[in-house]
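Note that subunit A is present in both complexes that follow, paired respectively with subunit B and with subunit C.
On to the complex of A and B.
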């Protein structure tokens, strides 16, 4: 038994197993994260654009478990308005009024995946009490709801841009690797040019070319496709390498000898060998593009108000007064970190599993 | 020498390509600097047209590109619409500041990366190495923007560091020592941000390059000869491991420039970054092109330096 274990270890199976476990955990966490973001309307107590002008920069609402008399409540509750907003000195205190936290309440309508309409929210409190888990912004909008809805935009940006990159990458890399010769030469020189550019500056230049005043969705789509197109080089180079070695494999040569066409060879034999690299690249690219969107929006060049995105949530941090007085405005910045952690963990595990070579 | 000459020609061609590319992209933009002015009822359409023709905006693309190229050789880099002066002197000040910041950060980051990466590689698998690995990978997952914002938050909340700018008021009156001190105080936070943002991948690469070399037979032979570990690491292993690192040095400049753009905006360092963002929002085309070109020049120059160093250290390249 011991001998066998040693043999297995010698083969590095234990390593593969742990990497696989790591991947499983990362994928589970990732799905949970994406699920919550996708169902933002359900998990968020308010609409992302709903304003409460009486409560700008409200701190996170305190959730109480113990009532005034020291009695433990079955149902956690929050106190009414006075609790979460500054009140003029000497004003009547009506804050002892507890508002219990309710589950599956009906509130503002929202759409799931842009199709199904619903009004049911996971939790909420009755008006006039407000439940700001992460505080509110300058317009009295719930930061928590905006964080969830913003995740939809940012994640979508990352996904679309990554799909763009990988598609162009597979096209360019596949053609360059498969046909070789001068096509290969031209494509790879072009890739070198792209790689030599300071991409953030380039993205800026491209953003400068876009009109500043078009509809938010157009800006979003243009921006995302440009981001995706700029990043084609890395996947293209990697895929070219895989295709280069794949087309010399014996079974590919055999199929070619049998008279298979180029299209058939690519589709049936060559491209399937690139899937591992593609998947890894995709997982690496998504967080990068999410970050690019966050950065651009932060600088005022991305998606604009009232569309929430993770970048838009951070823009208020450019104001000195916000940074110095309202610490909870920093919470979204901290909360996006776990997203990157799970994504990088998944990419890392994939990379180890497939032993793909990073650039 | 042929190798270096080829790299130089390659770089010049690359810069030319970038200039055509960025210039071309900006021409695709609908509207220009004078579009908002046209909306002003007090300015007649005639005036706007005159302004546009004065700045050559009514000419077709190749002619404008040629004009721009000429002005590059004159040392002007076109005219800034917003400032009404040549771009080059405007950019030069900002470029100096950016260079000061990125140069300092590059130096510190590489010194740290090499010493820490070697230390890690020499202690491979021990707790120090593992702790370092955990630290670098967690630092890697923190987005640059969040890192910089956190630093800004700390600076604002504690008041330990000056927030924003490069000099305090009354800088001119300080003594030389006072000036240096003041500059260093302002430089500290942005430079630290840049170093932290670029350090993790550098450390990882140095570590893995060193580990690879340390497993080579010649290192074992050197150890068997009783040569001290210090000497083995510094004199025998490091020069061999330097080869891939020099290439990485070139790439790290690109990363540094991208990160510096962000750090400059967040921590208000008066470099190219904030200047570029403003120019983009105002559609000040020549400033944008100038800033992109300048950063590309830094990048290409950095890559050339890396190539030259590679040429100097690796005899195999000289053989070609």
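On to the complex of A and C.
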């Protein structure tokens, strides 16, 4: 029995894949994930803000392969709504009229990477039928499309905030570690102060004090910079530690003895040693900030309607009626989980490969 | 014939039984005590009712209570002179058994009920009435009732005629004078006068006082308060109402108010049978509760449109001195009637009813909701949504469209504004999101800004730093006098442009005149035609763009008898003295 338990426990990722393979797989999966999100307009059948007021809280549309007579169809199809009576809230379209699924259809215009405009969508069905892969929300908007578009905002927020944090962290940590003394004291006590501030309330206050005509992108940037600002302390402390030990290494001391300047030493010898810590921190921070965006939006501090973000998609779950009646509103939450798993797997593999500080 | 006799015998038996019952339960009616008999089927005595409150009451002092939970509890503890029957929306005698009006309509003489006692056993008399009104009208007390008791800008005066008659003198005839007395709780002079004279009235009757220091004329009296958990009331053995069989009311031995902080939590407690009565909940939760209605032993009622009206309005204040040039610039749109008409025409009211209220609301085009049958003007036009008409109106007003569909004004500026809503009201935020989408189809860029309620009110009434806002108002009464503050151009709640020194527009001047006139007109038909005209102006000139009126939704456990909810606050508990449990 004991032997079996040990076998099971030992049978982890590491036994099947080497760390390098694990990293490669994680990066491939991440790229695929990010690719789909980046091309959200193409993969999403609808515009994220398009409301279908006849179909609030529609369940995921059933895709059929077998027609009424029991004949297998080459082209999968969905059923459209009945013309006569409005569909009750939370019910699916249920007429007998089939609408075949079509590939590369023209639909609502969207932008790729904010530059090119296109109207081609990977798939779609003709009106009045609707194709809600993940159901619709309370305004009759397609959850799947909103999930993809929302990913753009959430991932971008995570990336920018992580870059911001790590940059501030490297600057503050590097200077504090390298110069030491009172500079170190001031920077590190400042970092502690940042850790101790009640950020959530500060954010509420900031939001209330802002002018009203601030656009959603301004709110977004504000959100991101605030998240980045809050998070600089941890990478800064880690980097300070690495720099502290790195500047005492023999080759650094030797270079200093030969008359190298501070800037040269930092750039050439000290900071390169922090590279592994930085990379690991970065991979850890991105999902953390995505999660932070989810939390902040959940509390009403994120980008406003009708812009989707992963946090915005989860806010409706605050309501008991949604929670207890419409199971498909949980789907975005479920889909976010693999994203985090892959990201953490990448961070884990990176850390193992470089044998850096434990997570 | 035989059956008839039998039933008569039964009735006699019943009366005899119930008499003995009242002897056993409380105090028998003393000689000279004039009990008020109520309608409604006689119920069973005993038992307790559990109700959830959204938050702890702040005080039990009727003059200081502003929050709904405090008022809900105080209503059970106190009584008024003349009461608005929530079922019929008409006035009925309460502590005053009858009243007469002088010919000029300025003097009301109220005959008080004899033999009535406070819940501590002390007798009630005209002195308590004069004392109560002195307190409510006192500047220093700063009671919330004071404004209601000003008629023609002057406080009403109260004169004691004898121990059981008081006379109220008004500065001018006042159409809704009888309705003034509703919910003005009569205070016990013997308990409060010394504190009041010493200037300590504001501290009186906080929740932390011992229950023995409290006495009222309501069906219940304070038994226990457990901070953070509950307030428990017990039956007032001296209560002055009886059922039609002569049994002293109330039936219930105890009423327990639990503090349950959120609507969802209240719904869950009700669903699981922890509480007996539920009101003030959303249509979404109504649908959730409905599914288990038969299995869980409760029933739900949709009473139709209440008196709440939700509306969108634009900032029309004079911003010259406020230093808000950007908003002042946009006011050229807001002040253009065709712009407001276009916005009204573009909004999908039916969509709001469907998406926000699951069909449990009514679209409206003016401030009087279909629930207010006495005052509704049926002739008001109710045009369906038309984007085409909206576009025509905008075009006529000099607006144009860019190639990408964005709306430009005559100066070539893009039409862009923000709508404030209260972040604590999920329904209103949802309405704003729908309005945002509707107006985007006209090429307007609209931002929805949910703000904390007090921050929003500060912007609306003090700084005027906003462009548009979405709000709801609930009249405390069906009568138009309760809306004076909203429609008079000098009013504090004249939201789009409050506290004007003189009316800024001809139609505001006309509303002022009509509202003042209906106030002093005593004939209902004449008043109705005056108020109809106000509704027409609101629907035509659109100072506020009325959108929807949500239905009043209530629920109660099947074991609660005599449950007759109404569309006036407090929707479910207005006849709590008659409620009983089986």
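Throughout what follows, the second predicted complex is superposed on the first by the 308 of 359 C-alpha atoms of A that agree within 3 Å, B and C clash if a C-alpha of one lies under 4 Å from a C-alpha of the other, contacts with A are read in each partner's own complex, and residues count from 1 in each chain.
We take it that a contact is a pair of C-beta atoms (placed from the backbone, for glycine too) under 8 Å apart; a residue touches a chain by one contact, two chains touch by 3 or more.
Computed from a predicted structure; not experimentally measured.
Using the contact criterion defined above for the overlaid structures, shared-chain residue A:295 touches subunit B, although it does not reach subunit C. By the document's definition of touching, both partners, subunit B and subunit C, reach A:324. Judged by the touch definition given at the top, the superposed model places A:139 against subunit C, while subunit B stays out of reach.
In the superposition on chain A, A:221 makes contact with neither subunit B nor subunit C. Once the two complexes are laid over each other on the shared chain, residue contacts for A:305 go to subunit C alone; subunit B is not touched.
When the shared chain is aligned, subunit C comes close enough to touch A:51, but subunit B does not.
Contacts of A:340 after superposition: subunit B is touched, whereas subunit C is not reached.
If you count the residues of subunit A touched by subunit B and by subunit C, you find the higher number for B.
By the touch criterion defined above, A:314 reaches subunit B but does not reach subunit C. On subunit A, the patch touched by subunit B and the patch touched by subunit C overlap at residues 204, 208, 212, 300, 320, 324. If you check the complex, the residues on subunit C that touch subunit A are 264, 267-268, 282, 284-285, 287-288, 326, 348, 351, 354-355, 358-359, 416-418, 420, 423, 426, 429-430, 433-434, 436-437, 440, 447-452, 455, 465-467. Chain contact summary for the complex, subunit A toward subunit B: residues 193, 196-202, 204-212, 291, 294-295, 298-301, 314, 317-318, 320, 323-324, 327, 330, 333-334, 336-337, 340-341, 344. Across the complex, subunit B meets subunit A through its residues 14, 17-18, 21-22, 25-26, 28-31, 137, 140-146, 149-150, 152-153, 156-157, 163, 254, 257-258, 261-262, 265-266, 276-277, 279-281, 283, 285, 288-289, 291-292, 295-296, 299-300, 303. Against subunit C, in their complex, subunit A makes its touches with residues 49, 51, 53, 56, 86, 89, 138-140, 204, 208, 212-213, 215-216, 300, 304-306, 319-322, 324-325.
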